[in-house]
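Next up, some structures in structure tokens.
Each of the two complexes below includes subunit A, the first together with subunit B, the second together with subunit C.
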Partner chain A sequence: MLKTYRAVSKISLKSILANKSSVVILLLQALVPSIVMFYLWSLILNHGQTVGGFTKNQIVIYYIGVNFINSFVWYAIDWELNDDIHSGELSNIIHRPIAIEKYYFAKMVGDRLANLLLLAPILIIGILYILVKNLLQISLIVLLEFAFSIIMSAVLWFLFSYIIGSVAYWFDNLFFVLLVKEVLVNLLAGFYFPLEILPPFLVKITKCLPFQYFSSFPIDTLVKGLSLQSWLKNTGIEIAWAVIFYVIVQIVNRKGLQRYSDVMG
Partner chain B sequence: MKNKFKLIGSLIKIAFLETISFRLDTVFGIISSVLWLGIPIAFFKVIYLNVDTVGGWSFKECLLLVGVYTMLDGFLMAFLVKSMPKMEADIREGTLDSVLLKPINTKLFYFFSSIEFTQLINSVLGLVVIIYACQGIKISLIQLVCFLFSCVLGCILYYSLWYLWTVSAFWFPTNFGRNDLFLSMIQMSRYPASIYCGLGNIIFNFILPFGLVACPATIILLRPEEWHILLLQLLFALIFVVLDHVIWNLGLKKYDGAGR
Partner chain C sequence: MGENAIEVHDLSKKYVVATRGETWHAIAKNIFKPERTVVNAVKSLNFTIKPGEKVGFIGQNGAGKTTTIKMLTGTLFPSSGYCRVNGFDPTKRTNDFKKSISVVMGNRSQLFPDLTPRDYLKLLQSMYDISETSFQETVNNLARVLNVTRKLDTQTRKLSLGERMKIEFLAGVATRPKVLFLDEPTIGLDVLAKRDIRKFLLQLNKEEKLTVFLTSHDMEDIATICDRLIIANHGEIMWNGQKQDLLDKFSSNKYITFDKSETFAEKNIEGKIINQDDLTITIKVPNEEVDDMIAFLAKNKQGSNYQINELKLEDIILELFAEENQKC
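On to the complex of A and B.
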């Protein structure tokens, strides 16, 4: 059975690598917003000031980090599910002897691996630059924590997006629903700016929500060097959120597929 | 000519019916408009809690810039947010043939074929922010005319950039988020153009003139003595209109249709 999902991942990976233009687009997508933020924050923090505890170097690395995480973690499963449900493509998947959520997860893994392969040279150069220039203090433990956080982010992101995409079972057109979800998640995950620079009461609210684990938490792990105790506590909460989302995925899958077969099949 | 107007009228009517036929999506369209405007304002507010100016721009001036950008962005997004991905898919999949054969200019067809009316709410909200941010600023009639002209030029540049990026699919076809990249890049237009220096200035203000979309119109309202920026914007708009035409024709020569 594992072989089947590995094959799905492989196809997804190859379809990305097949287009050379994808490489350019992916690179631009990760680099351009980071460059713009570099210019903006360099201007704002040019006299050694800090914002939300971030120095100029830290905030620039933060933005580069969230943009790269975007490339590794944020797979548009909700848009894909929405398209597949409404175009009827889903029928081709549910007729196969595979679990639908596992099929999409395997697809996401292949797609993200392709991104990782494409961006690996830049990522390695970036990390070496940070280490050589001593811009951040990164120990092996921090790197391991960071790697684990990214994997967990991908899992949590998948489960959350899958739930949102499943709304397509009940509604015909989700273009703006998904757009709103994207903007809100970007905001609450710390993609637009670090959550720490918000007023304290808003920081408290965002810290109670699962969205910080999509990008803010992994990057804070790397940039701010959280204590092991704090990292473990947050990872525990992240895993709890993943379990909750997994249960919801099972429910919406069952009810959604029931509706899909009722209405369309 | 009359037939063409009739055709465009029909396209708009269909697009309007499509927009209002999905109620949940329309409601979320309105929410997205509010968020689309609220987030950059919140972003600048948070920044200005820590500093007084950014590249010589105060908070109120940035607010005006965000308002101008949102107004132009909302207007063009209404026409392009669905049609550009559609055009890209047609080029990539070889289904452009059916559009080329229609008795209407291809650009016009795409422009009017998939209008997303809820995006126009962004424009209205952007206008409200402009009016709010302009309180206390004396604006002459010439300034207002120049501002409107600059907005038109900004729209031309916005459209041209997206259009060129889309027709690049003739040479570099990929189903990999081409439009997502444009949408993330165009957001640069809501930052003051003066934040860039050196190479960044050349790239983001001239080669990819995102800094010339909304900034000139804002500058005309704030610092009328810098009116010459309008000439620069006009020059770039003309260059990009010509580029659009040339690149489209070159692309059509390269295009093999479904038989590729």
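On to the complex of A and C.
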């Protein structure tokens, strides 16, 4: 069965690489926000100030990091599922000998690998810049923690987005729901700015929610030098969220496919 | 697997459809209390199909053809009744069931536009867990029959509609299904592509005993491919039997088509008028009265250019629908 999902990932990867316009869009999407944020925060924190405990160097790495995560982790499965449910494309997957959620997950893996390949040159330049400028000292253990956190972010993001996309089984048009979701999740995940910038009571709330694990937590692992104990505790909570989301995915899949059958034939 | 490839018992499907008014009041009301209507797409269908049969499932738009295919393939759950395909309950959606069937829909492509057909076929090979050598051999043979060997490595979006459909067919049967469901498979295709696909299906049915369940508005598809017909109207079956029996039932009549003359008057026509416009008319006449009828029409200068035709399958089906609608 693993062979099947590897084949789906491969097809997804090839599709991205075959589409030249998506390559250009991807490069622009990754580069422009990173460069803008780099100059903006370099200017704001030019005189040694800190914001939310972040120095200039840390905040620059933070923004490069969240954009990196945005490119490699955040796959728009919710938008895709919404389209596939309403266009009826989902039927093409239902009658294939493959589990729907695993099919989309394998597709995401291929798509993200394509991103990784395409953005590798920029990524290498970014890493070299950080190393040459000596902006960050990291141990091997932190690097491993970071790599694991990124993978967990991808899994958690997929499960969460899959649940949101499945709402399309029950509603005709998710366009505005998905737009609002995007803004809220970007805010609560720390994509716009580090969560520590928010008022303390809001920080407390965000720490109880799963969204911090989408981007804030992996970057904090890299930038803030979290203790192993703190990292393990957070990773445990992240895994618990993943289990909860997985159970919800199974429920919405079962109920949703029944619903699809009732109204979207 | 039982004796039958497909068994359908009291199969029904109701859809819940949201309806919306046009006034502001209706729109506001709809937010809090959406109005829903229940549509009976399929009403208590019963039929069985034996392995190797080629069955045409015919009906007007909204007759429930696609809904029935979707229930048989496990995409939709029946509202009541049940069906078995290759001995499996489609609602369980088991992988063994999915591997035993294939679906080709003329109005929905399953190919990946940015990739080549070969990429798609390789994915199917992995999904259906077929050995590479055997799969390649099947694909090459089928591609040769369908005349698309050189198209297997062309980007799908660069293929013509006919070529894409042939690839869909190829992909549909390359996984070696026992039952092939075809929903409007030749829609929009040219005569040559249709001919190739029909030949291909007949050959495959003969060699592999593949069961074919076909819906199409193109009666040439049905007439060429199918031995048996199931005709549905408003979700109910109105004919279930051999194609030849249906043709025989209507073989005692012929159609006379002629150009109307200036002195043409409808009151002079004794046969049943099937179709007419300003210039031509078609009437149905019993076989033994054809010569007399033409002589009568000619003598009374009702028209010219008389043509006598056997009733084609399309004519018969139209007559069946007309009869049924009169009963309603």
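The definition used in the following text is that the second predicted complex is superposed on the first by the 263 of 265 C-alpha atoms of A that agree within 3 Å, B and C clash if a C-alpha of one lies under 4 Å from a C-alpha of the other, contacts with A are read in each partner's own complex, and residues count from 1 in each chain.
Everything below uses one rule, namely that contacts are C-beta pairs under 8 Å (C-beta built on N, C-alpha and C of every residue); 3 or more make two chains touch, one makes a residue touch a chain.
Note that the coordinates shown come from a computational prediction; the quantities given were computed from them, not determined experimentally.
Novice: Would you check which partner chain A:193 touches, where first means subunit B only, second means subunit C only, and both and neither mean what they say?
Specialist: It touches subunit B, and subunit C stays clear.
Novice: Applying the document's definition of touch, where does A:14 land relative to subunit B and subunit C: first, second, both, or neither?
Specialist: second
Novice: Which holds for A:29: it touches subunit B only (first), subunit C only (second), both, or neither?
Specialist: Only subunit B is touched by A:29; subunit C is not.
Novice: In the overlaid three-chain picture, which partner chain does A:203 touch, first (subunit B) or second (subunit C), both, or neither?
Specialist: Neither: A:203 stays clear of subunit B and subunit C.
Novice: Is A:97 touching the first partner subunit B, the second partner subunit C, both, or neither of them?
Specialist: So A:97 only meets subunit C here.
Novice: Looking at subunit A, does subunit B or subunit C touch a larger number of its residues?
Specialist: Comparing subunit B with subunit C, the partner touching more subunit A residues is B.
Novice: Quick one: classify A:113 as touching subunit B (first), subunit C (second), both or neither.
Specialist: neither
Novice: Once the shared chain is lined up, is A:40 touching subunit B (first), subunit C (second), both, or neither of them?
Specialist: first
Novice: Regarding the shared-chain residue A:173, is it in contact with subunit B (first), subunit C (second), both, or neither?
Specialist: In the superposition, A:173 touches subunit B alone.
Novice: Return the residues of subunit A at which the contacts from subunit B and from subunit C coincide.
Specialist: 19, 172
Novice: Which subunit A residues qualify as touching subunit B in the complex?
Specialist: Checking each residue of subunit A against subunit B gives 16, 19-22, 24-26, 28-29, 32-33, 35-36, 39-40, 43-44, 49, 51, 171-177, 179-180, 183-184, 187, 192-193, 197-198.
Novice: For the complex, which residues does subunit B have touching subunit A?
Specialist: Touching subunit A: residues 22, 24-26, 28-29, 31-32, 35-36, 39, 43, 46-47, 50-51, 54-55, 116, 118, 172-178, 180-181, 184-185, 188, 191, 195-197, 200, 204 of subunit B.
Novice: List the residues on subunit A that touch subunit C in their complex, please.
Specialist: By the definition above, subunit A touches subunit C via 3-4, 6-8, 11, 14-15, 18-19, 88-89, 91-92, 94-98, 172, 258, 261-263, 265.
Novice: For the complex, give me every residue of subunit C touching subunit A.
Specialist: So the residues of subunit C in touch with subunit A come to 13, 15-18, 41, 66-67, 70, 73-77, 93, 95, 98-99, 101, 103, 108, 110, 112, 114-115, 119-120, 122-123, 126-129, 155.
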